[in-house]
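To keep things simple, chains are lettered A, B, C and D as they appear, and every chain counts its residues starting from 1.
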Amino acid sequence: MNWFGSTTLAASLVVIACAPLRAETLGPVTDELGVVKILKGQPILIGGYASQSGGDTNQGIAELHGAELALKDFGGKVRGFPVKFNTEDAQCTAEGGQTAATKLAANRQLVAVVGPSCSSGARVGAPILWNLGIPSIGIGATAPGLTATDRPAGFKGFLRVVPNDLKSAEFQVDWVRSKLGLGSVATIHDGSPYTEQLVRAFEKDFVAKGGKVVASEAIGPSDNDLRPVLTRIAGRKPDLIFTPVFVSSTGFLLRQKGEVAGLKDTPVLGGEGVFSANIIEAAGPAVIGFRIVGPSTEQFSQRFPSFVKAFETEFGEAPTGGFSAWGYDAMLVALKGGEAVAKADADGNLYIGRKALRDALFATRDLPGLTGKLTCSAEGDCGASIYAIWEFADASPTSFAPGTNPKKVFP
Amino acid sequence: MSSFDIVTSSFRIHRRRGHAVAEAVRAGAFAGAAAIAFALVGAYLIMDRRFVVEDIITLAQTVVLLFVLGGGHAAARSAARDGATAATAIGFGALAGLVAGLLFAAAILLVAHVGLRSHLVAASPMLVRAVTFLGAPGSAVAAAVLVTAGTAAGSVGAAAAMLRADRRTAVLIGLAALLGAGLFRDVFAGLLHNLPGLAALEPMVFGVGGVTPVAAAVIAVGAAGLSLVLHHRRRPPIAASTRRRIEGVLLVVLLVLVPLVTDAFVAQVAMLVGLYVLMAMGLNIELGLAGLVDLGFVAFFAVGAYTMALACSSDPRAAVHLSFWLALPLATTIAAVAGLLFGLPVLRVRGDYLAMATLGLGEIVRVLVVSDAMKPYLGGSQGIIEIARPSLGGWTLDTPLQFYFLALILAALVGLVSWRLQHSRIGRAWLAIREDEDVAQALGIDLVAAKLLAYTVGAAFAGMAGAVFAALIGSVYPHSFQLAISINVLAILVIGGLGSLPGVVVGSLVLIGLPELLREFGEFRYLFYGIALVVTMHLKTEGLWPAVARQEATDA
Amino acid sequence: MPDPSDLLLDVRALGKRFGGLVAVREVDLAVRRGSVHAIIGPNGAGKTTAFNCITSFVKPTSGRILLDGERIDGLAPHRIAAHGVARTYQNVRLFANMTAIENVLVGEHLRLRTSFLDIVLRNGRFHREETAARARARDLLDFVGIGPRAGLLARAMPYGDQRRLEIARALATRPRLLMLDEPAAGMNPAEGMALVRLIERIRDDLGVTVLLIEHHMRVVMAISERITVFDRGAVLAEGAPNDIQNDDRVIAAYLGTRSTQEAHAVKLRAEARTA
Amino acid sequence: MAPRHERLEALAEWRRQSTWVDGVLLAIRLGVAATILVGFGGSLVAGTYSIGNIASFVVFGLTIGCIYALVALGYTMVYGILRMINFAHGDVMMVGSFGGLFAADALSGAGVLEAAPLLSLPLVVAAGMVVGAGVALGVERIAYRPFLHVRSLAPLICAIGMSFVLQYAARGLFGSRNRAYPGFGWMERTFEVGGLTIPMLQVVAFVAAGVMLAGLLAVVRLTRLGRAMRAVAEDRDAAALVGIDVGRVIVATFAIGGAMAGVAGVLYALVFKQITVFLGFSLGIKGFAAAILGGIGNLPGALVGGLVLGLAEALGPALLLEGFALPAPYQFKDVIGYAMLVMVLIFRPQGLLGERLADKRA
């Protein structure tokens, strides 16, 4: 078998020369992880990866579009150099994240990356990038472990602008228990790592605060008839239903809740994933009274409506997923970081040190983003984790304008 | 039912060709419609960001141009077949181009001046701006430019049709080479960068987005010239069997060398291709040899992956802590057992019903894996993480390239086993079942046993692929085991050529490799994937590398 | 009634209904060991259905089928083959995309013993058995007279050769009873006579009992020791060729069904065209 | 009760004829029976649901079931005639649903929808039908017609390709956001029957599905086209020999199947109110499962299969899984549907109402 022979031979010959990162001096910059040199007239490359196909398409596309708007608002340039935004599809799977990150990393001119949408992709993708000295700024990846203090070395170059699940859950439980004083909840997740994790964090906090979880249910992301599962929940008579599921499922849930005896007046609390105009269309009149958790800040209330308008003009539809604003902020952090560390030489070429960029990103303080003031912790959590509960008050699809619809009800 | 499957009924519908003018308008309309669809679906804007030739022509422009060139070409060919002179034929090509240009320009004007966006999201001002080369967006000047360009492109396409066959091929090959270089810029740039002595060429050939103008000219002319030279220096035709052998050797060389000299991304893609080759070889036993249509194949992939995860992870759910090298045969065996268990009940089900039954089983497995009920054992939606990488005497496999060679070696092994099975009493029994189940059974073949064996072996191969997959990614999540994988593997077999081992490799390269290389077109890559499936089946119904009919050379 | 121990195949009160249609009713059939036994009858008389019942292609509604005194009715078809019953088909059913010798090798399947492991390892056992099987297959192809065409794809062979190949394939299972369904269909008289000689050699040289359905009376009369006449799903008459030729009921049945015979002729022409 | 020796004889006969596979199948049968028994019994004991709950489950099941049934019709017709699975059928339905949406939007913009829902509904349905039929014809033209004369898996792969194309082209054209159907005036109300609140639109959808099915049956049973369809389904070559234009019959079959999918798409949107470009895939698979459940190639079977599947999904978790005290039983909704499908295929491959197609398929 010459197949065999040649293959084994070749395999044994492979001595992987995965050039280790080492200190490098180019132009005016010396950096311990290497320097990216951008010739005059060439663009600065920033990568992006998110779910552009598969079940979470809406989220991913909204995130990347948000990032593009940030770039546009920034003037499309850093220190006079045009910025090119290369995006790749990471789906919402580990292997998608791996392949997309590998593809992005293949371009050695790449300076930084925003994304991905999902924690499963970040878990694999972020180390691939950082092992080559490329920092990445997560958008929808909310799993707490990614920025835990004991995270593996591969995540030392990973930041995220979205707050992690634990903080979000803590806030929501606080509202439900302390503010509303409700004693029992039902939870629903859709089998995705994101919603399941959030639900578990919520349940844990809720029980710790003396509440009772009377039903812990799950559905499939493509289920359309949720009335049976709602009937089951109705039998347990919860004071509130907590469910961070995505737009379609939330729409079905809100619309069908009214058809199930005993749930008509049970309030529903949703997650950031549905903070978009699209939920109004998906849920129709049933959206009125629906509450979700979202950013609390002044900036967000002021700037998000015009962001949505700009988004619609640019891409034909309003953001379809809740994380577009964080896509915007992730890009903003990246651009600011680049601006801070890029150095030009006499010939007009630009130099960016990789370690320097990473450190600059982690040093982000009080950056006015779309979701609030962004300040990065030593672990890479940059999200303005100041939350609010928002309530929808109008069912007209064009009425989406945070501040009025939905309006902030707490704090 | 007869085993002679040449159906004799003759109700194929032939379209009658009309007058040359009508044909030209038709060709133009097709080209125009394709261009409009391309634009309104949003692909234009995405592909407009990528240059084929740096700062000269974008990918989107190239695609639209190709539509119109093709339209003009078709119109001219049609006219020439009716006996038109070259000049007239070019005129018809221009007509086709004019029609295409008019349609496209009209559509753009419509987009610019009528609000279509509530229904068609890509009908945006950005699109209008992107196709405006002169004048104000949406103006008559801009439209006129499009119409003129269309007419010109149609004429050029027609002129190409008037060339001698060898020159036409040369032009085509030149263009294809250029397009390939531009489209797969990253691959070729990585190749240049890593080839000793050629690294200096990289910045000369490739810009950030595409090929540099000078390099473009060199590539196009070079490829065209090479084609001409080869055409005229053709030696007496080589025997088909020899050619196949040469192609086979080339394929192997390609498989071994290319990932070695390109970058990590190509290795990663090659690795995925390798995994699919493993899986497809498994399905090839089931479908290609025994004729069992299986749409739940992903279940065995999942079983293999989860076995590896539960055997090699540091997760508390892990049952044992084995090394990769012990877990691999274990995963293969457990997948085989799963195949046996699934196969037992379903294999009395025939034909398309089997497809549905297996699809059902695959979905059941997926739901079970993701479920909260199984979470204590399988990790639920959070999957199982921290799966140890394989190591050999202190040397750990962790780059995609290393995994690629692991997959390649396994694929070679599995290919060898497949080949040996195929050419044995077992393989003959499978083929007999595929040809005519009843007759095979009447000859003493125990259908259930034979099918079960095929199913089990197929499942084992898929399980092996799953195990490598889990070790490569380092984690398993239920979301990785979608029905789409089963469909993909099925498509690989049919596109490659049922029952053909080289076909499996070619099919995987095309259906896994290409979409991965097109990853940057995100939301559109599955659109292209779908189109590729349809087009391939139309051009090569038997697959890209069909199995050779096994005629023996005893007589001639 | 012959001595039961002399019977190879003993069919008793066989019945088969398809929904409301009775295809075979109360059929008794006794085939003596070492004989050539023919079944004749107009189209739709239930001959092929009876064949299908014997080889378990369909499950009989009632009755018993004994091979060498052992019940085989209701067994799965491959177990019937293992009991030593092989058959050919009215409209040739070869494995079209396999070569002639491979077709025969499939017939050998029952007797091959190499295990999965032997095959994967390609050890000496595998090579020995494979060589022997191929030699036997070649002998069989020679026996039916198509030895030189062993390497041809079945679908590329002329019709007459396909019929012979089908017989060779059936013989490869080493049957005790060979059932031929209209083996002479579509053959000219010369080919028919060659077939007669082949069947005689199968009986005499190989010691295989032959049960055949046939319409060509010359063939039937030339080789059969006994003939059973089917009509409308039941046995109309049984006896030696001479008796049958002179049986009034048989003659009446055949005259009365001219139209079906015409239909049969039409069908044969159609078959010839597709082949 | 039969005498003991007769039973023994029957047992001996079974043992003589059966192989080890029959033993395994018997064991599976027993296992399934035991599972159902335990689950059902346990569910009754658990007593989570009231009779009223169960009654509402039946209503839910019937509503989604009639949509499954309409999708199943398209599969079953195409399969009956071509012996091929039209993989793109679910996406035909999705596009039909969008066709209906645009019509409804236009009517709503003109104020007609609110004012005269009973008049508008047929128009919206018709739009869905026309679009569905048109797309189905495209699928036939591209994925099936070129391969009529060869026996291969090419049409299946082409149809899969078309499924991708339709899905992602629709995403590109219409955007990925969830779209809501506008309100249908008084049809949006609900009414009460025996303590059950039933949305009017569900009744409308149910009736519309029934009317469509009746019409389709009439076409197939009574018209020349229907006769031709049945003839082609029986034996394509023979039908061609007696002068039936087989090509045209196939085209008509796709058109009718596509129109039914369009209706299904519109009715789906009426009941569930929001659509996305990705709804076709899962509904298509469910519809196909329903077709097989009822007996593929059998039109009333599609109806029965759809309703049975709908009911199984709605009732299964409550009546079966509750007994096992599983966490989050509704996660297993699809498992129940698919398990039932697999069981039917194993033990009754011709489907609930089907003829023994399995024999013919050999």
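Definition applied: a contact is a pair of C-beta atoms (placed from the backbone, for glycine too) under 8 Å apart; a residue touches a chain by one contact, two chains touch by 3 or more.
Given the structure is predicted, the values throughout are model-derived calculations rather than measurements.
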Pair exhibiting more inter-chain C-beta contacts, B-C or A-B: A-B
Rounded Å distance between chain B and chain C, as computed from the means of their C-alpha atoms: 48
Between chain C and chain A, distance of the C-alpha-averaged centres to the nearest whole Å: 72
Centre distance in Å when chain A and chain B are each reduced to the mean of their C-alpha atoms: 31
Separation of chain A from chain D, taking each centre as the mean of its C-alpha atoms, in whole Å: 37
Junction residues of chain A, two or more chains touched: 53, 55, 57, 61, 191, 216, 218, 220, 316-317
Residues within chain D bordering two or more other chains: 19, 168, 171, 175-176, 327-328, 331, 334
Per-residue overlap in chain C, given as positions that touch at least 2 other chains: 76
Touching pairs - complete list by chain label: A-B, A-D, B-C, B-D, C-D
Interface residues, chain B side, partner chain D - complex: 1, 5, 7-13, 37, 40-43, 118-122, 293, 344-346, 348-353, 355-357, 359-361, 363-364, 367-368, 370-373, 436-438, 448, 483, 487, 490-491, 494-495, 498, 523-524, 526-527, 529-534, 537-538, 541-542
Residue ranges of chain A in contact with chain B within the complex: 1-4, 6-8, 10-11, 14, 16, 18, 42-43, 45, 52-55, 57, 60-61, 64, 84, 86-89, 92-95, 98-100, 102-103, 105-107, 109, 120, 123-124, 189, 191-193, 196-197, 216, 218, 220, 313-317
Complex contact set, residues of chain B against chain A: 117, 120-126, 186, 190, 208-209, 249, 252-253, 256-257, 260, 263-266, 268-269, 272, 367, 370-372, 380-383, 385, 399-402, 405, 408-409, 412, 415-416, 469, 472-480, 482, 516, 519-523, 525-526
Contact set on chain B toward chain C in their complex: 2-5, 8, 417, 420-421, 424-426, 428-429, 431-432, 435-436, 438-447, 453, 549-555
Contact footprint of chain D on chain C as seen in their complex: 71, 74-76, 79
